[in-house]
Amino acid sequence: MLLWLILLLPLASFAVIGLFLLNRPRLASMVSAGTAVTTAILALAAIWKGNSVEPAAVFSWLRVSHLRIDFTPEWDRLAQLMTFVVTFVGALIHVYSLGYMKNDAGKARFFAYMSLFMFSMQGIVLAGNFVVMFVFWELVGLSSYLLIGFWYEKPGAAEAGKKALLVNKLGDFGFMVGILMVWSIFQTVDFQRLGEMAWLSVTGGNEMSAELKSWLMLMGLLLFCGVAGKSAQLPLHVWLPDAMEGPTPVSALIHAATMVAAGVYMLCRIFFFLAWIPDVLTVIAWVGGATALFAALCAVAQDDIKRVLAYSTMSQLGLMVMGVGLGGPAPAMFHLTTHAFFKALLFLAAGSVLVALHHEQNIWRMGGLRAKLPVTFLAFLAGMLALSGVPGLSGFFSKDEILMVAFARDKVLFGVGTAVSFLTAFYMTRLMAAVFAGRARSEAADHARETPAVMLMPLVILALLSVAAGYSFLGVKDALRDFAGFASAAQAGHSPLAFWILAGVPFAGIAAGWLMYRDVSRNDALACRAPLLHRLLAGRLWFDELYDALVRHGQGGLTTVLNWFDTWVVDCCGVKGVSLSTMCLGNLLRCFHSGNLQTYLIYLSLALVILIFWKLALF
Amino acid sequence: MEIHLLKSEMAVALLMGWLLLVDLFMPRIPKRYLARTAVVFLLGITGWLVWTGAGVGERWMEGVLVGGGGMFVLDGLALWGKEFAFWAALFAMVAGMRFAGKDDDHLVERVFLQLAACLGMMLLASASHFALVFVALELVTVVFYVLVASRRHDGLSVEAGVKYLIYGAMSSGVMLYGMALVYGATGSLGFAETARVAAQPTPPMLLKMGLLLMLAGLGFKLAAAPFHWWAPDVYEGAPTPVTAFLATLSKGAGFVLLVRMLTVAFGGMKEFWLPVIGVMAGLSLLFGSLGGISQTSLKRLMGYSSVAHTGFMLLGVAAVSCAGLGGVLYYLTGYLLANALVFGVMCETSGENPYQEIREYAGLGARSRWLAGALLIGLLSLSGIPPLAGFVAKLLMFKAAWQGGMTVLLGIALLAAVVSLYYYLNVIRHMYAGEPVLTDGLRVPYGVKLLQGALAAGVVAVGFFPGPWWDGSLMIVRALAGR
Amino acid sequence: MIAANDCLLMSGALFALGVAGVILRRNILVQLMSLEMILNAANLALAGFSRAHGNLDGQVMVFFIITVAAAEVAVGLAIVVILFRLKKTAHVHELAGLKL
Amino acid sequence: MTAALFYIMGLAMLGFGVAVITSRNPVNSAMSLVLLLAAMSGLFVLLGAFFLAAVQVLVYAGAIMVVFLFVIMFLGPDEGVRRRLHWFGAINGLLVVVALLYAFFTLAGKQPPMIGAEGRAGTVESLGRLLFSKYLLPFEVASVLLLVAIVGAVVLARKDARSS
């Protein structure tokens, strides 16, 4: 019952707002935020009761021949931890949004979408099998699309929304095929039943045949496709930076704390299953590492405060994925949790800065905000230190755990992780220096005033959590230590050498950053000293351009071919050639539809003749 | 001839005769009332069929009631086809009546013709003899020649009519010739005798040729590539309610016939027709999805979309499993509901006009939230977004294809699903984010709202609770394959 | 004695001629006539096979085909007439309002 | 004798068929088609389908072709003398014809010769019995089809009440 409430309350809120309250924005926002807070409290209660929550009623959703898909909420430790993150951060961000979206024209719509998102995200967390997860996975994608394009009158926003949806769809199709493979190989898509099966064939000592192994590997990679799309891993990462066109609370909730982490959550959920296919885990680890390093490098050269944070999110997600890939799901989930706190904090603080500066996003037009926005500054500082992994804050503990696993498993990836750690400290220092230090570099920055309390309160709570979440008395750290699903996970040893390296690197990064950006001018110091490197990084290694070019030139090539076809086949063959050739530039298949009935009849009879000759073997 | 088997057909035929006579001899009665009465009667017949069908249905699933020397069969598939015909005709009639002008002389005649097409499909669903197949199919086709050209002051409608006429007549000629060859090979026109000859280890060449010609003719009805060339032009040019009817009833009739013919009459020649269906599926998917990309007219887009959907359904036929064929029936159910929604909204926004530019739909979300929502649900279902009916349907097709081992086709189908998603979303984007061309508010009557609400609920329900629909489809197909 | 195979051959040739007429000629009326030739090809084949098999089912089918042909021609000519009223043409190549 | 007559009539029929599709003037096409149908009727007689032969002449050549000629005259008989064939169409048309002919030759060659028992004659009585017993349902449907065609032609071609 409790679980159903947690799942369905946001849906009810969405329905109520969508149906009745679209013209009453104030009431709508209250309903939505109230629901979010209630959900968080209920979730805490449910977690308090832990596994003793009465089993929720089974809702049988689909029966297709031998396949049966039930909607049974999953309520193990993993789901509990993730529920906590989603509902708690969600509630705080809802409260924050009350202030942030105060005067927006589409306030009611915004809160309706937020409720829809909360519903679908909670659905992913509680999903007990692949199909249900996929359904909510798509719903999350939809609500993310709606929220990115929320300000659709901004030209970039609609485009960004479409890009996000298309890239996600690409990943989702891989995911879907993967699910189909799971279905046809194991005849079930239920996580628990799959878990039992996995046990059986590992302990039973059945040697897998090579063929089965390669099928399993393909299956694992396809499932990972979905993760790569949702969690913005290389090479499907291009949508996340653009997604920052959405309102800042959305960036904080969806594109930093929860939705993008859904990929990592899914990896952990099916970890028992992946643990069987070590090759796939290796691929996952390397993709994660590459993403982490790539994104950290890009973050160094961004000028937009939200884009810096977006790349940082991508980089941290890369670390988590790498953690899972190296066989450490528990550290990855730990990092996911702490990251949700401090990244949400950073985004909300950035939002606070943006409100104070009337939506000026370029960091080189800020500066000197330390004195003007003291609370925001302190919160941002806490988030920044936690993210950089300064010892004693939550980020340090979680990152340390992942990298310890890396140290034990793969020294190269440990090196990558250390480099990422250094770069993180470096670009966050750069950000701090540009935004808060020095003098104000624009009119807006000069007149900034602290934001209202309703926005500051969530900042403070999140700041406290960012500092403290790493300590074991809060329980987060050890929440999954003895989680049965992770039984086959690697146990990281503790190496003093690695510990000291990890403790030292953030300070080195901060020091380097401070040296380079101590006296900020209007321009980026890196751009002056190493212009080539800066261009490379600012262009994000030209991934978007590469994709654009691929699409454009692919089309160009196709068009050339079509032109040729048009000129020589259609035109020369004279089906009302001239007028056609000008109209047929679009694409090959449209060319056939010339509008000339006789041409159609000729195609029809040619098809008929070919069919007859082919099937009756008359050639 | 066991007359009692023909109860529902006779009811429709009586309704047609009554309509014509009353219109002829009582010209004072306003035509709109007459047409509405016909709709109410048809609804009554539908309800009666669904009611009794559900009651006696179990028996029909088990055994087969045969009449007219094996010509007319009443089994699960037949019942399903009849119900499909009823619903398709009802939606099309309602859509057509909304836009009958006050001075519309031909409203009653058009309703009459729609009923005739419905009757044709009902007979087709039961036909297991090529003579009946031919006559019933021609009944449907001739009605559509007239309906497509029925906006006779509109050059595009007439042009579409001519194209449909010549193309359709040639296709039915080809199909008829195929039947003649089958007769030559078997000495009979019945499905049962055909099945006996087809089950021989090496079926005669004549039979093979006949089957190929018939598949080509059916390809026209289904709008399956490479026989689909007419579809975009005719979909665009025909009056919108007719396009809706064409997309639902005509395609449904084709698929019901295809399923019965291939399983019952030609079940023994699987190895022969399987590659043909596979190639038709693959080509339909490619042409339908890629061709729709750069369209600017929504109706034309729906033409390409219909080709693509045929491809998806043929995938299920090509899987030659109960799951695949049952999936086709499930797919058609969802397809009918979603199409009724989409075309219903198109009728509301711009009447019967042939060109329906996607641009005109810009800002529909602001003009009428209700219509935009209905169109949204319809398009999302067509594009296969969970948890709507279209999603489960596509999933079933993919699974059938996967289990049938058709990896290449599955790949094409996935590609087609992604590509067509693009053009459906493009419409949705225009609808909610585009710069509006028209700004006047749209008033939607309560009746239409009710109908569209019911349809939307149906799309969601069929998708969210696929159980009963899927079980029913599977039972029908099992009974068919078991004989 | 007439062999069914000769009948088949002859009707096949007529079928091919009919198809050629439909795809070659632009005049809708001539196209409709070619369509009649296709139907007649089927008629001939059916009659021939009917004799070869020694049953009358084929001939009954021919009867239906003639009926259907009449119906098709009635509707087809009506469409040609309204086309002519509207556009003063009976040629398919002058129909190009719907394309691409 | 029958065989010789069959081939003569058949070849004449094909000749008229060529004339239908090659005549420039639709009137000539229609006339050739009438002759084709007459030749076909002769073939029906040779095949023992007497009733069909009569129907062919009465309904087809008599009724349907008259409507054709009527419409041709209505539109003006010199419609369509203008255009010559385009070579894209010509090549493809030829290709299709040759391919189909080849297919039918192969088909007839591979088909074991079917000279079954001398078929029952298709007299009015024998056909009528079949038509009203086994084929009653399609027969009724065909009547509906004719009704639909009439209504359809009225819907399409009737002058508007407004304009008249």
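Each chain carries a letter (A, B, C and D) given by its place in the written order, and its residues are counted from 1.
What we mean here is this: a residue touches a chain if its C-beta (ideal position, glycine included) is under 8 Å from a C-beta of that chain, and two chains touch if they have at least 3 such contacts.
None of the values given here were measured: they were computed from a predicted structure.
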Given chain A and chain D, the chains that contact each of them: B, C
Chain whose Cα mean lies nearest the overall Cα mean: B
Contact-richer chain pair [B-C vs B-D]: B-C
Rounded Å distance between chain B and chain C, as computed from the means of their C-alpha atoms: 26
Centre-of-Cα separation between chain D and chain B, whole angstrom: 31
Rounded Å distance, chain A centre to chain C centre (Cα mean): 62
Distance from chain B to chain A - Cα centre to Cα centre, in angstrom: 41
Chain D residues counted as touching two or more neighbouring chains: 89, 92-93, 96, 100, 103, 107, 111, 114, 135, 138, 142, 145, 148-149, 152-153, 156
Sequence positions of chain C contacting 2 or more other chains: 4, 8, 15, 18-19, 22-23, 26, 32, 48-50, 52-53, 55, 57, 60, 64, 68, 71-72, 75, 78-80, 82, 92-93, 95, 97-99
For chain A, residues contacting two or more additional chains: 586, 590, 593, 595, 597-598, 601-602, 605, 612, 616
Category of the chain touch graph - line, ring, star, complete, other: complete
Chain B-touching residues of chain A, taken from the complex the two chains share: 60-65, 134-135, 138-139, 142, 149, 152, 158, 162, 165-166, 169-170, 173, 176-177, 180, 183-184, 586-590, 592-593, 595, 597, 599-601, 603-604, 607-608, 611-612, 615-616
Chain D-touching residues of chain B, taken from the complex the two chains share: 1, 6, 13, 16, 20, 67-69, 71-72, 103, 105-106, 109-110, 112-113, 116, 119-120, 123, 129, 131-132, 134-136, 138-139, 142-143, 145-146, 149-150, 152, 184, 204-206, 209
Residue ranges of chain C touching chain B (in the complex, touch as defined): 4, 8, 11, 15, 18-19, 22, 28, 31-32, 35, 38-39, 41-42, 45-46, 48-50, 52-53, 55, 57-58, 60-61, 64-65, 68, 71-72, 75-76, 78-80, 82-83, 86-87, 92, 95, 97-99
Chain A to chain C touching residues, read off their complex: 576, 583-584, 586, 590, 593-598, 601-602, 605
List of chain A residues in touch with chain D within their complex: 573-575, 598, 602, 605-606, 609, 612-613, 616, 618
